[in-house]
Amino acid sequence: MLRLASLALFLVIWLVGTFALGERKLPGPPAVAATIVAEARSGALFANVGITLVRVVLAFVLAMAIGSALGLLMGRNRVADRLGDPWLVVLLNLPALVIIVLAYVWLGLTEVAAVAAVAVNKLPNTIVTVREGARALDRGLDEMGRVFAFSRWKKLRHIVLPQLAPYLAAAMRLGVSLIWKIVLVVELIGRPNGVGFEIGTAFQLFDMPRILAYSCTFVLIMLAIETLLVQPLERRASRWRLRTA
Amino acid sequence: QAADTIRLAILKTGTFAWELAVMRAHGLDQAAGLDIQSTELATPEAVEVALNAGAADVIVSDWLWVSRARQLGDKLVFYPYSSALGAVMVPQDSSIRTLADLKGKKLAVAGGPLDKSWLLLRGAAKLEGLDLASQASIAYGAPALLAEKTLQGEMDATLNFWNFCAALEAKGMRRLVGIDDLLPKLGIKGRPALLGYIFREDWAQAHPRLVDRFIEATRQAKERLASSDEEWQRVAPLLGANDPATLAIFRTRYRQGIPRRPIAQEEEDAQALFSILANLGGKALVGDATELAPGTFYKPAS
Amino acid sequence: MNDALRAGVSARLELHIAAKQYVAASGARHEVLREIVLSLGEGEVAAILGPSGCGKTTLLRIVAGLDTDFDGSVTLAGKGRSHPPKMGMVFQEPRLLPWRTVEQNLLLAAPGASAAAIDRLLADFGLSSHARHFPGELSLGLARRVALARAFAVEPDILLLDEPFASLDARLAGSLRHELAKLVSRNRATTLLVTHDVDDATELADRIFLLSQRPARIIGIVPIETPRSLRSPERLAAIGRDVIARGVGPER
Amino acid sequence: MLRLASLALFLVIWLVGTFALGERKLPGPPAVAATIVAEARSGALFANVGITLVRVVLAFVLAMAIGSALGLLMGRNRVADRLGDPWLVVLLNLPALVIIVLAYVWLGLTEVAAVAAVAVNKLPNTIVTVREGARALDRGLDEMGRVFAFSRWKKLRHIVLPQLAPYLAAAMRLGVSLIWKIVLVVELIGRPNGVGFEIGTAFQLFDMPRILAYSCTFVLIMLAIETLLVQPLERRASRWRLRTA
Amino acid sequence: MNDALRAGVSARLELHIAAKQYVAASGARHEVLREIVLSLGEGEVAAILGPSGCGKTTLLRIVAGLDTDFDGSVTLAGKGRSHPPKMGMVFQEPRLLPWRTVEQNLLLAAPGASAAAIDRLLADFGLSSHARHFPGELSLGLARRVALARAFAVEPDILLLDEPFASLDARLAGSLRHELAKLVSRNRATTLLVTHDVDDATELADRIFLLSQRPARIIGIVPIETPRSLRSPERLAAIGRDVIARGVGPER
């Protein structure tokens, strides 16, 4: 309920802002909604959002899987940490544009290049977050697992992952949002479809309602995923934490 | 009498930057009583943002953009700046000889599906019974990236902006067709200037003499660029090349793009072109408009 | 009885710690253990008594293989030929998985245990009503009982107990002591029991090792020949007095 | 030492890559170094890197300060969390471009708009990370602070911040890198100087050596900051953690 | 002596818990405390004995104001008119700040304490050589001592102790018991002492409260009129027997 109220407040503020600044500087919710409907009618919305979501999901899964594994390794093993650290800094601080352009130049203007570029952009972020989590792992529980001869998998699942959960949660939330930001650039520079491509085209025409229409659609999707999927899961996973008074 | 200030937002790598460099080198701005303050920006969109954000008085963009803004209540006006249009470039030894040969080939299109040159190319191809959008494999992307990709041979051909085409030409690629060559087929008589100086109507009304002096100064700069190789040496760093052959190509293409026709004629062609483009680009390009918004073209007082 | 069985059985735990040092965060080194030699046969229970902070936990950690940074050697042999031996340990803090229920904690440590066995264990430890609670919902005493039950659940060959009955009321401690005695004789588990309670030691141990202040050395070994089941209160009191006399008891 | 070796390996792989792919597809370290020297000689390098760093630092400080405070609040207070959450999702998933364009259109093409746009882009990320940290705070230590009548500030400094340290470390590392990525876009779209502007210009001319020159300069600066500032600090701050065997 | 002082002094701690329930993660509610009424005067020491898991820690948390979700009321009055009273507490686990040294942990809790006072305290607790160690480098017994020293360092008006002498060897426990008695008479601190050790209770308390199984009710109050300093071993043993007879002692 509070969340809904808060969202409603957001819409109200937006409306007021439109009133104050004018439709040209800030298209209002009705104009944006109308554009969404029009784009949906023409089918373009679904096609673009769909293809972008596919790219987001692929890159997300890739970056989270590889990044978590590397982050865990680097957080627990000093040598791996020292070895990987400079690469991490390099990857972290290379402009997205550079990675994207290099990916396109090497792999061609292909889907593979696009997804790879996005995943590589997100990868270091996952590593950094998970690495911090791995560094903060409880030694006592680890020892418990060793004494009771926990298998590798059992240790990972019952000892390590629950402790990494908050870090993974942060990495995933940030992950989706970062990936989405970068997919837009990737599509802008070298893909013939997708939300980023549409926003880029709209931007050339300075068609603000259309820019906002596509942005809002994605935001709405993410809001829905948060509300219906992520938060219930999160509540389940942290049931053991005592409610603070 | 103190010079009047005029704020420009320009694309650092764009042709307007060359003009400005020449203008400054010869003191044309001072002679016209202008104090030109220019902000150099990195992308064409940035330039448009600058005008929208009120950070610039004059920018360069196309009249479609102006027409659309006027439609939405933003009173901008347009004065012709360049009629240079893109071209389709292919490798020297390519088997592609005519538009029809593009069928089934990989064509890289700079600027996206609503790019004017692209729409015109599609229109022309359609007259020959070829629907490029579906019968060729199209890759949209950033102009620089596509130019590079075509050089690498990943693309069979590219439709690109004229300055990129000039660079490709200098690197030995062949010009399959210039978009301006296609215009007669589409029923356009002259070479209309799509690009122009854009400023706010009320600003122009408040400074009528200023705008005219500015236009005159830029015209002089254009003439110098068109007529002198020395000037090209001056702007060479701005276009990222300095061998005489490349500069010569740039000069030729640039000279072809200088608009020299009366405003009325430009406006007439623009109106004709508008309906062609509206036809091809649809709502996404022109919004709800059916014709060029009245008042789009700026008419100098003199 | 214990004696009889011990004879002829190969040693189950051989420990020789020449020296164990810690390096503090400040970089300072200090020695914690010195010349600890200890050998336990199958089913033998050794109690370790020593002043707070002398190095008892460190000793257990070395035996458990959790700390390998020491001079010396540990050898553990499994029951019959089974190797490595099954180990059960009660740490000084409960070390339960906070995100798993009491029941899950037991089952994870002892995946082989049957549901019935787990239920019986929980009942023995007075934990039946807490099977589905998370550790955060337990009192410390309850949590310690779960930790003890976990060590029992694995039916260990080697049992390492670090003050298993601390934070329990006397009645409960007595009953769990009894359970421990039963387990040890049932499984013939070789047991190291660290405790501050002389009663724990005298009731359960076959030998009591007395440790000195840090760096801990063995300053006395009190063997108790009487089998556990036959020890009378008077006998225990006498041994207790002996232990206290050797310098680790409650009097100053 | 390991880090240096690893960095050297990186350079070697880069060189080999250049050999294999050709200077055109991947300009080699010598070419890039030469460009860096040339840009440095002309003074352009220092001017651009300098102005970009100023923007990065300003936006970083803003986003970290506000984001940490909000994240802490949302992590500890259910009502604040429910209220703030939808806004967070919106902010997180709005394309960077939208925020940047709106900032420029509303605040003009100014330094303030640029820094604000960057800070707003980074803000939700800090909030998300710190919020996870705040949720995982140890209740026992909190109670200890209450019983011993710790002041607000003392609690924050001695109880809360040390627990948030790994989350803050992650937020800061990711922060710098995200901010830097967004500063580039901000400069691309509306600033007449800075590294992003230079890279954008170089991209228009497809001048790869120059793109890499500016990227590498920033990466080198970040490597230096990591090695000389962050890691020693981090080592100091986590002295209390036992070295795992 | 205690009696004399207690007379005519307004009560320092008034506690009335009608009921206290917990809601488990599973949603189930269970009652933990019922009808606990307790009133302590200045300088009075109450020992609380009860079976493991009955609700003793919960009781202390309510007194400390850490748990306000119960039916009833707590009133604490400060020394003279000082309000709120200074509180010192030993939790059942040490709860030290792992990222601060032993010394810093004490100073943070007791910012008013002089360096000399802290040094003396550390010496009394046998912690002098650990002043610069981090809690992670301490044995549990050492850590518990630090926690106790921290509660002492604040020179509290109200002292809440949850098994303060657990995990300590008997000799050390005896000496710290002595320190506690000194502190209480010096500061006239009103003290609640939760313990499983009957000796702790008989040596230190003015009154012993016996709690039942969960939900805990008070099932007995044993007043000890003899002043602490005058209690003879025989007297203590007699009281201990009484307490045990009432059902919380070590025998079954």
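Note that the chains are named A, B, C, D and E in the order they appear, and that numbering of residues resets to 1 at the start of each chain.
Heads up, the rule we're going with is that contacts are C-beta pairs under 8 Å (C-beta built on N, C-alpha and C of every residue); 3 or more make two chains touch, one makes a residue touch a chain.
Fair warning: this is a prediction, and the values are worked out from it, not measured in the lab.
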- Item | Reaching chain E from chain B through chains that touch each other, fewest steps | 2
- Most extensive contact between chains (C-beta pair count): A-D
- For the pair chain A and chain D, the C-alpha centroid-to-centroid distance in angstrom is 16
- Between chain A and chain E, what's the gap in Å when you average each chain's C-alpha atoms? 50
- Just curious, how far off is chain B from chain A if you go by their C-alpha centres, in Å? 38
- Message: Taking the mean of the C-alpha atoms as each chain's centre, how many Å separate chain B from chain C?
- Response: 85
- Note on the structure: Touching two or more other chains in chain B are residues 45, 52, 142, 145, 148, 152
- Which positions in chain C touch two or more other chains at once? 25, 93, 134, 137
- In chain D, residues with contacts to at least two other chains: 25, 101, 105, 196, 199, 203, 239-242
- Note on the structure: Within their complex, chain A touches chain B through residues 23-24, 101, 104-105, 108-109, 188-192, 197, 200-201, 203-207
- Message: Show me the residue ranges of chain B that touch chain D in the complex, using the header's touch definition.
- Response: 9, 11-13, 39-43, 45-46, 49-50, 52-56, 142-145, 147-148, 152, 239-240
- Task: Going by the contact rule at the top, pick out the chain E residues touching chain D in the complex.
- Result: 61, 64-66, 84, 86-89, 91, 93, 95, 97-100, 108-110, 134-137, 150, 154, 160
- In the complex, go through chain B and note every residue touching chain A. 44-45, 48, 52, 65, 68-69, 72-74, 108, 111-114, 138-142, 145, 148-149, 152, 154, 284-285, 287
- Residues of chain D touching chain E in the complex: 140-141, 143-144, 146-150, 154, 158-159, 162, 237, 239-242
